[in-house]
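Reading through the structure tokens given below for one structure.
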Amino acid sequence: MAILSAPPATRAVPVPGPDTPWYRRRLGLLVGRLVVGVAIVLVWWLAAALDWLPDTLLPSPLAVLLAFVALIGEGAFWLSFLRTLGNGMAALGLAIVVGIPLGLVLGLLPPVERATRFLLDLGRSFPVIALLPVMILLLGANGQMEIVVVFLGVLWPVLLQTIYGSRRLDPVVRDTTRAYRFTLWIRFAKVLLPAAAPFTMTGIRVAGSVSILVAMAVELLAWTPGLGSDLGHAQIDERPDYALAYLFWAGFLGIGINYLFQFIEDRALIWNARGDQGGMAR
Amino acid sequence: MKTPMSEEEHEMTIAEAEPVQATRPDTKLTVTQLGKTYVTGKESHEIFRNVELTVEPGEIVSIVGPSGVGKTTLLRCLAGLLEATTGEIWIGDRRLAGPVPEMGLVFQDYSRSLLPWMRSRANVALPLESKGIARAERNRLAEESLAAVGLEGAGHKYPWQMSGGMQQRVAIARAIAYQADILLMDEPFASVDAQTRFDLEDLALDVRRRLGVSIVLVTHDIDEAVYLADRVIVLSGKPASVVDVVEVDLGRERDQLSTKALPAFAEARTRVLRQIRRP
Amino acid sequence: MNGAARGLKSLAEQAWLPIVLVIVWWFASDWWWSTTTDSKKAFLPPLSRIWDAFIEEAQSGDLGVNFVASMRNIALGLLVGVVVGIAIGTVVGRSRAARAILNPYLQFARSVPQVALVPIIIGAFGITWVPKIWAIAIACIWPILLNTVDGIRAIDPAVRDMTKAYRLTSGHELFRVVLPAALPQIMAGIRVSLGVAVVVMVVSEIYGSTEGLGYFINYEKGLYRGPETWMATVLVGLIGYGLSLAFLVVEKFTLRWYHESAK
């Protein structure tokens, strides 16, 4: 049972062979995608020029492109970019440190897992952004508060996936390790961790994407520095071209994070398959 | 030992054969010079060539051959699911260009072609909905077909509540309810246990006897091919072609015990086997 | 132990800890609150006060109005998202060419943080409730669309053969065969979009609104009223949980055949 439907790993197009139809061969695919891309831009340009939608929603594609490129040269933009990314990753790190051990333990002890199930379900379905107002009351509107909120949001994928993974530990393996009286540490590191590793990695990958989402949402609503508040400012300052540019940048950030974590996930599993220590990177 | 007959001799023998209970006119299946070649990029694979066969109304014809020879491809061409590269398929006096109402298909993997969200009666009645038949009539036909395959009263069950043999019966019932005159079966009994297989083989004979349908049966089981068929078509070679057509002279009334003990059975069987194993 | 008893036992195993925690929270928070001198204590009200705030706001009707507004927004937004998502997903899913060509665009669209659309849409269309529905709908579409595409693509070729061989009409094939076959995947997509919808609903109501639970939370925070803010936050959390629970029940019912046949 999938805990969260993760953004699917964006894999490369299958290598074309003699059997493949035109839209799968590398050139045909590229051409097809280019045509679609051009069509989208054309419709967009038309919509902007003919004012089908208000200007504040849909500025001309050229304006957005210019803003998008202009941002590359702005130091302030990269500062915001790194802020958002940094906050997200910091919170993710915390979630890993807390979530993995907790998940392994909970997975190992079924009665505990059953007792906490309601809380876990509640936490998973809780829209963490709703906590923002109380967090602002308690911690103020700053970067630390942002990290706390993001942490509360990304803890669940990591935790739940780790629980799921450690629950799936083959009982035969578990009994064997117990029968041979492996020390607790070895059982933990060499048996439990590798078994749960694939699931945990999936959870981390999902959490990676979610971290950026929540970080931006916090910045948007609490005006803490970052891409989200930049977007909000652009919208208030009546610069929809910049607002959309930020949107696209956020999209690329999201895709980039997804690719990065997918890459890490694949690598980690290779090491895992080779039998290295508990699937941990050397 | 009979030798493959020419068209005229064949026509004469049919006239002398025992009359079938219910014959459906104009449903003679005629296949001439059928060939299929897959073209992928610069390579082409010829699967089979020059296949000729006829199936008179009410006949059962088996197609046997080694694994991978192209029997399923041939059947799919006959069903209209695949376009043949050369040759023609005629039903009566109409040329086949795609799936037709006269043909019902029974697949090997019944569990994958029966829809799990529908009860078996609904599964059987599904093609009839597309034909525009009213609900009461659909249900009646479905119930009758289920009864004809020995599943009377099981219409309310879901496919996953039934055994493999029962599911395959549902698939056959679906083809019958469709009012098909010709049943095309692709290794239909391969996925069930031996005992169930014998029951299903007898069911096929029963269906032919009562409803007068013709059956084209693809199988790798030579015993089954000989037991059921009036004629066995042997496909072999690469590219495949018809290497032999074996007339099976065992009469219309058959049963698992006595028929298989007849010398004619063993003869036909040996001949087919020899053709298949010829390098 | 028969079925009913086993069910009760399972319920007890899962319920005891939350119940104990709530009781502990109630008394511990009361004790802490009356003894502590922490300056922030106004913003960490005891459970008893949160409960009182709930009763008060519920009776005055304020809570009810905003609750209904939020429910309306999310229901309509989800409805639009589901219908459009399935419709487009079906069209794309049926065509292998469309799937291959559109994939990068779809992946990009789903990677955009959907909350970022809120200021743009609200900025353009205002703070009334209709723009919020568009924001929620646009955010919901992607998981549903992509899952519909996946679900349709994964349909067994044997099923396709069957619909071709028996000459099923297109409409027939779509509604009786294709969509039910893809339903498990589609439901998974709806489950994800449910979470997204709740988030976008809250964000849109905090960002720019005159009604709704998100607005209510923010409003109370603006008045520095701890108990009310907490109360509304907890309520939103429970709603999120309730919706996902309700969906689980719906899923179990509609996908009964799927779960049973997989056994």
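By written order: A, B and C. Residues from 1 in each chain.
Here is the rule we go by: a contact is a pair of C-beta atoms (placed from the backbone, for glycine too) under 8 Å apart; a residue touches a chain by one contact, two chains touch by 3 or more.
All values derive from a computational prediction rather than experimental measurement.
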* What is the chain whose Cα centroid lies farthest from the Cα centroid of chain A? -> B
* Structure fact -> Contact tally winner between A-C and B-C is A-C
* Where the centres are mean C-alpha positions, what is the separation of chain B from chain C, in Å? -> 51
* Centre-of-Cα separation between chain C and chain A, whole angstrom -> 18
* To do: Hunt down the residues of chain C that sit against at least two other chains at once, touch-wise.
  => none
* To do: Give the residues of chain B that touch two or more other chains, as numbers and ranges in rising order.
  => none
* Asked: Which of the residues in chain C end up touching chain A in this complex?
  -> 10, 13-18, 21, 40, 43-44, 96-97, 100-102, 104-105, 107-121, 123-125, 143, 146-147, 150, 188-189, 191-192, 195, 198-199, 202-203, 206-207, 214, 217-218, 220-221, 224, 226, 229-230, 233, 236-238, 240-241, 243-245
* Mind listing the chain B positions that touch chain C in their complex? => 79-81, 99-101, 103-105, 107, 109, 112-113, 115-118, 126-127, 129-130, 158-161, 174, 178
* Structure fact -> Listed in rising order, chain C residues that touch chain B in their complex are 156, 158-159, 161-162, 164-169, 172, 176-177, 180-181, 183, 257-258, 260-261, 263
* Sites on chain A touched by chain C in the complex -> 2, 4-5, 7-8, 10, 13, 21, 23-24, 29, 32-33, 36-37, 40, 53-54, 56-58, 111, 114-119, 121-122, 124-127, 129-134, 136-138, 209, 212-213, 216-217, 220-221, 228, 231-232, 235-236, 240, 243-244, 246-248, 250-252, 254-255, 258
